[in-house]
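Following this message is one structure expressed as structure tokens.
Each chain carries a letter (A, B and C) given by its place in the written order, and its residues are counted from 1.
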Amino acid sequence: MVIVNWSGELDRIWPTLILSSAAAASGVQCKVFVTFWGLLPFVKDGVRVTGDGWMQKMLSIMQRPGIDHLKLSKMNFLGMGPWMMGTLRKQYQIASPRELLEACQALGVEFIPCQMSMDMFGLKREDLIDGMADPAGAATAIEIMTEANASLFI
Amino acid sequence: MVIVNWSGELDRIWPTLILSSAAAASGVQCKVFVTFWGLLPFVKDGVRVTGDGWMQKMLSIMQRPGIDHLKLSKMNFLGMGPWMMGTLRKQYQIASPRELLEACQALGVEFIPCQMSMDMFGLKREDLIDGMADPAGAATAIEIMTEANASLFI
Amino acid sequence: MVIVNWSGELDRIWPTLILSSAAAASGVQCKVFVTFWGLLPFVKDGVRVTGDGWMQKMLSIMQRPGIDHLKLSKMNFLGMGPWMMGTLRKQYQIASPRELLEACQALGVEFIPCQMSMDMFGLKREDLIDGMADPAGAATAIEIMTEANASLFI
């Protein structure tokens, strides 16, 4: 199974991580191509401003990277929406994105960062979390998708 | 064919229902995994405020559930966008989401609600429309997707 | 490979065109079903106001069609976001949507406009760029998807 993880939002990274951990747990090999906004949750803790030029720096300031700083695609309300989601999540014992990401990595889900998006956002390999595969391009994405039983763009 | 119906917006529920009814009408078996915001259009008429705690109640008030109360993902303009879409739709004899949903159910499209999302939004089985399959989890979604010829995340 | 190109936004038309050109370049046949907002980038240069009634005209005014007038799904900031993306893109020698679209057409990617969406938006065949396939409906979308190795909804 292949997921193209394009979005960096809380309500979309959640299905990416839930589906890929569930796939891996059921013995289905799962690869996630991490591209565009989808790269931001994969930025290391503590890395705050990324890129070289002022444009890349400004993008990273306005769209704070890191798995603990995700916004909702709607009803974000300056963070109240994600806070409510987090509270409801805990109440129903649903794993957080961070916990799901750790589960995915433990279960062998392969996360492949998109080289082109890394260039555009000014992200270097060392800005991203450990354990990801080598950066690759669209040709790799095509190859793994045409070989997979199912592919999703999230 | 499998569709993961994640979004509850008018402009995304439309392709979900058009594609799944067209699939079923062409003799292609179609299953729809209904998750996250995508559950809201499947809430019964007349059910207005859902959930137990104040957070779930507040979410359901701000994001009104039900197939007749859908918003556009953009150009919503406090309801003017959806009203214009509805008027243009009638002018060109295109079916409404409600009509498409009824067609889907008559043609045997299977709608599977996501248990985890129901928990988070505080939706009970009786809050959802009749005729849906039993609630299931991510493992079921993985199973039906890897068996399908095509799968889409909408 | 099949892509349902539903969105007309810069950050989503980009993966559609990058993936379909990469597929075609790797010898993978690629068909793109162009529907809903996704039709707008395929409107010819110079076509500004489309449709017959005032509603269709108003929609085309508020959502300017054409491949050079795309917005971002977030951080648009009245055009500053897309301008920054365009500047970063050039700096890293990444192709523009217009260049990618031309590459796709040269490589034989088939773009199939959705008849129902054309009706709703008041788009006629001559409003769309040259070289697209004949308009088709959902049944065609289902047919090409169930025959494909991979299908994405972008």
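Assume contacts are C-beta pairs under 8 Å (C-beta built on N, C-alpha and C of every residue); 3 or more make two chains touch, one makes a residue touch a chain.
Bear in mind that the values here come from a model prediction, so they are computed numbers and not experimental data.
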Across the interface between the identical copies subunit A and subunit B, with over half of residue numbers shared counting as same and under half as different, the residues used are different
Specify the angle of rotation obtained when superposing subunit A on subunit C by their C-alpha atoms, rounded to a multiple of 5 degrees. 120
Centre distance in Å when subunit A and subunit B are each reduced to the mean of their C-alpha atoms: 25
Multi-chain contact residues (two or more partners), subunit C: 151-153
Touching residues on subunit C, where the partner in the complex is subunit B: 2, 4, 6, 35-37, 53, 55-56, 58-59, 62-63, 116, 119-120, 137-139, 141-143, 145-146, 148, 151-153
Quick one: in the complex, what on subunit B touches subunit C? 1, 11-12, 14-15, 18-19, 21-23, 25-26, 28, 74-75, 84-85, 87-89, 91-92, 94, 149-154
